[in-house]
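Structure in structure tokens, see below.
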Amino acid sequence: MYMFIRNDGRNFDQLRPFAFATNFTKFAEGSVLVNFGNTKVICNASVENKVPDFLIGKNQGWLTAEYSMLPRATQKRNERKSKIDGRSQEIQRLIGRSLRSCLDLSLLGERQIIVDCDVIQADGGTRCASICGGWLATYFAVQNLLEKNIISQNPIKNIVAAISVGIVEYEKNQQILVDLDYSEDSNALTDMNVIMNQNLEIVEIQGTAEHQFFSRQQLNQMLDLAEQSLLKIIEKQKEYIKN
Amino acid sequence: MYMFIRNDGRNFDQLRPFAFATNFTKFAEGSVLVNFGNTKVICNASVENKVPDFLIGKNQGWLTAEYSMLPRATQKRNERKSKIDGRSQEIQRLIGRSLRSCLDLSLLGERQIIVDCDVIQADGGTRCASICGGWLATYFAVQNLLEKNIISQNPIKNIVAAISVGIVEYEKNQQILVDLDYSEDSNALTDMNVIMNQNLEIVEIQGTAEHQFFSRQQLNQMLDLAEQSLLKIIEKQKEYIKN
Amino acid sequence: MYMFIRNDGRNFDQLRPFAFATNFTKFAEGSVLVNFGNTKVICNASVENKVPDFLIGKNQGWLTAEYSMLPRATQKRNERKSKIDGRSQEIQRLIGRSLRSCLDLSLLGERQIIVDCDVIQADGGTRCASICGGWLATYFAVQNLLEKNIISQNPIKNIVAAISVGIVEYEKNQQILVDLDYSEDSNALTDMNVIMNQNLEIVEIQGTAEHQFFSRQQLNQMLDLAEQSLLKIIEKQKEYIKN
Amino acid sequence: MYMFIRNDGRNFDQLRPFAFATNFTKFAEGSVLVNFGNTKVICNASVENKVPDFLIGKNQGWLTAEYSMLPRATQKRNERKSKIDGRSQEIQRLIGRSLRSCLDLSLLGERQIIVDCDVIQADGGTRCASICGGWLATYFAVQNLLEKNIISQNPIKNIVAAISVGIVEYEKNQQILVDLDYSEDSNALTDMNVIMNQNLEIVEIQGTAEHQFFSRQQLNQMLDLAEQSLLKIIEKQKEYIKN
Amino acid sequence: MYMFIRNDGRNFDQLRPFAFATNFTKFAEGSVLVNFGNTKVICNASVENKVPDFLIGKNQGWLTAEYSMLPRATQKRNERKSKIDGRSQEIQRLIGRSLRSCLDLSLLGERQIIVDCDVIQADGGTRCASICGGWLATYFAVQNLLEKNIISQNPIKNIVAAISVGIVEYEKNQQILVDLDYSEDSNALTDMNVIMNQNLEIVEIQGTAEHQFFSRQQLNQMLDLAEQSLLKIIEKQKEYIKN
Amino acid sequence: MYMFIRNDGRNFDQLRPFAFATNFTKFAEGSVLVNFGNTKVICNASVENKVPDFLIGKNQGWLTAEYSMLPRATQKRNERKSKIDGRSQEIQRLIGRSLRSCLDLSLLGERQIIVDCDVIQADGGTRCASICGGWLATYFAVQNLLEKNIISQNPIKNIVAAISVGIVEYEKNQQILVDLDYSEDSNALTDMNVIMNQNLEIVEIQGTAEHQFFSRQQLNQMLDLAEQSLLKIIEKQKEYIKN
């Protein structure tokens, strides 16, 4: 791997500055504003005392996620849509699966946690930011249930975090990068999202060759890079966990 | 008028603390986070180089507004709607009319300003906050056009601000209040929104008897109270205006 | 105020000829065809033995209104819409609020009155005509319930009527007018709808500066003019009330 | 065929009283209120200076129809629908085909006639009434084009009329009836709509066994009865035709 | 009637080769692939243990049909529609009525049979093919209920079949044809669908003059031709009936 | 890895019998019925002489895919949906990306290939079958363009194929399997779809922990198994390629 300076001065394996602002809004059981660089997402976790129809009477809970962008989260304004588009569908299903994987749903009772991820500024990596922030919002919502004695055992069994990795071409060399911003993402040859838990076990992996196929070797290099970065994010998430 | 202390300790004629955070998001030509107490609205003004069909070739611009709430802006989560509901329609039409009234549209050229008002926390008075913040976002978007020499003359001819006034019943007396929060608003006998310019000329007035009719005399008392408050808001808006 | 002859020869304070044709259709519990000049609206009040979800078990009734235009009610044909547009939403919510204000809903039992206002010819003032005709249709529907002993006490406590007033410019003078027809309405500087009861208490007031702000003094002149006209309409509505 | 007195006293081969009120609304190029007994339909024919996409540049016109019911046209109120239901689709396609059959579309130029059939009271036979009234509305719209010299030759080549016939069971006998009202229609064994021109040539025939199959012989008896009735309706339509 | 050879070499009274492939898919209670020449329709009959709302508690069953085309069933690809179009509505209502006519619904219990007719290749006559194939799929679904002792008596009382007949113009003569393919259908002067049972009693008849009116005499000729053809189809359907 | 016999007698690394029936329907430029065991999908590739808006004037083509199931493709009938659901959105976007990856779009000219994947029987692995069959349908559509000299150079640069792999638990052991049928898929701990080209370069990889996280080691075992199977499918696809 050769020398390569990214537009914003980061090294290939460097995350953008990221942070979680907690209690961002007043009413949600868990509310977090997460940012990775210029990407900013409001993650609100709401608890409802009912479950989807297919779970009624099954004595377990559920978690679902919704993902949306404010019209002017992006450089060019997007119209509000009367129905959710394919890309958003894909993303919110991914967020939901990832967050459910860290829960023992039977400990939640017949309750549903809805994690609303509303992007107020988009500069690449919104789905990964939503998973990281959504996990923390879910954690706070669950704490709220525990403190009010609505549930007695903590259903959260794992921390999950997500990061994007990809391959870009620079002066005819292929370079692997982590945490791509919008300008990098739109030129990437390959784009991969990796979601793992605190033991670096895989929750979900989605890799797409956008302009050029990639090899098993490159897949492994991207996974190595993702693992390092996920450990840093999870370290930060751990700071919010009560003893 | 007799003595009356409001839940949050305000006097009957006292506004909640209010503020405008400017440059709230990065991409919109004008971006303001406005709050009146716990009510918080992101107002993003976007400029587009096209006008609605009915204005094509008429050599003038347009301004339109869209209003929406995040699902968990409220105490109880609201579902995302596939189509805009009647209340939101009414509100965004009001915001649009109010902001258009302060513009000389012919000085804007064939351009449209879209003001997105997204409520992230709702505690009463969201439409009035949207108009106050939306005016400032529009002002910044217009400054942006002037600075880039896209237009040469300032189309903004007036400042507009909006405030709610209402009548509540307290120990069998009817009491007039300004800037009602959610708990006051939901029990009000009468609810009125007053939109005026810096000369206290009327842009729009909408008064509704929710539970009891009101008299011409009460109408005038409410207007007097609104006028005092609007002057305070306009004073703050003026601080952002360049010399 | 100076001399001014309107297109159709009316004085500034003169209503168009108006009338209520009762029992206009056969099935509705109350059915009225109302006209103000060329504006014609079918107002059908239907009684249903159920209330909206939010009122179930609350031991009270409800009234709601729906407003629509036949495609060729207007000079140019409008397409049938798959969803209700913003203007119609606003209007039907106004009609509903106005008609509810005259009812003691607890005397209605768990019943809903739906007032359908279908405009068959539109020449300005359709929302005001709908409120006047809708009140009478509601009155007949309630009489029907009383005659059949379905309810024992009359829930109608007030008469409501509505009228438009506005300001037009004529030879550089501003002139206040009542009951604007379409040609007057589309050129008005200000447009205001005033809904009052038989004691001239205010039910709702909605005034909009369309092209020019208006003053508190003009507001009062418009209200004075509306009051005179509303008394004439209410006098006619009273003729239909049984002793 | 044995003796049989219908609920409303008609003979089996007797039409309900029917009439056409012309110039019913002010703006449509042709406007007719048609009634057959208690069935009342407003038929408005509008002329537009454009044709559907598939006809652009083909140097011919088009006619289309839309059919709808006011919510309280029926004994029980129907909700307004966000999309047109199957029954209405079927009916408006039938009305459109029937009215197109009497036109030489090439004489209309690149224009479209839209015939809106809005049922204000429904007591059986609404589609047949719509065709009869819609033909007359179309005739007036075409006269309007001729009088204004927009077209030079009359594109209307035929008169069309429609009537329902059916088979009901009465004291174990099957009885053929014409112009069924709602109570007869809902109990009919067979329901058939016959649309013919002034020479008794067939435009469309739709017969459905609702509860019992019918024979070729019964088909012929129903057609004979329809022919007599259609001649009476066409005689009335002819009264409106200018020399 | 004079000599006339059709494009595909058929005589005027000759059906296209037709066949029923049974057990076409694995899961449906009755599954048939029917073809008439190049027209191919998958007819799947599904049994559900519930009835539409209007039949709940009435101790009888129901049958309904849905009709759709694959996007590339036709020469030019059609877009998938978000709502069913008018033509498909008309067709599926016809299929449903025709198949219901052969059932004693009270013997079905509170069950619904849904017959899905999905056209995979369209070359004219898809609605008639759907009725013929749909009947057979319904028959198999009912056999399945009988074999599993879910019902004890066979609710199928009749066989129904459907065929198209029409009038085309050929060298200035009008020629009656049966089983029109797409090229014949799109040029037909008249198009008629005839649905009959095994006794040649009429279930439904729909005849439309597309370009020219037709006479009672032609109607009778078309019905004679339809009868011959329907007997051939019903003979084939009978081969699948168990003794 | 220990001994394990699958329900249908397959070994853990054994594909279900699979086949491609070509020219399945008559009108599509490329038409293939693909089956993997009981999973059956009609893949029709249609060529249109226009591209999506975002590509107009860019001198290149496009490929998009649509995925749908017949209502009774499954054991329980699914209702036809008025809008595409999230799962189908995800699948058709995956099919589209995978098939685009094998094309040089600039050699296609301003044309779009639409690949309709309609599942007529679903028993697991429908998205992978759609990609395999869709590739072949695309190949035939491109051959058709070459044979008609509409394009001069073959834009297909690679073969792509797809297969599912997963982890199931059997007697407390975790077992990796290839080509899961529905019963295996619904109990899998992990489900992964692997799409590769003929050189075993990765097009897309999507792995999801459904009930239990998985390790990097298991990821590699699944990829090894997928590679073997994809080579077998690609071998079969090659049989259809002209010399």
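We call the chains A, B, C, D, E and F, going by the order they appear; numbering starts again at 1 in every chain.
Basically, contacts are C-beta pairs under 8 Å (C-beta built on N, C-alpha and C of every residue); 3 or more make two chains touch, one makes a residue touch a chain.
Quick caveat, the model's predicted, so the values are computed rather than measured.
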item	value
Contact-pair overlap exceeding half with C-D, pair selected from B-C, D-E or E-F	E-F
Centroid distance [mean C-alpha coordinates] between chain C and chain A, Å	52
Cα-centroid distance, chain A relative to chain F, in whole angstrom	27
Chain C and chain F: spacing of chain centres that average the CA atoms, whole Å	61
Residue list for chain C, restricted to those that touch at least two other chains	83
Cyclic chain order - from chain D, heading first toward chain E	D, E, F, A, B, C
Chain C-facing residues of chain D, complex	25-28, 31, 38, 40, 42, 44, 46, 48, 66, 68, 70-75, 77, 80, 82-83, 114, 116, 118, 120-121
Chain B contact footprint on chain C (complex, rising order)	83-84, 86-87, 89-90, 92-93, 97, 101, 158, 196-197, 199-209, 213-216, 219, 223
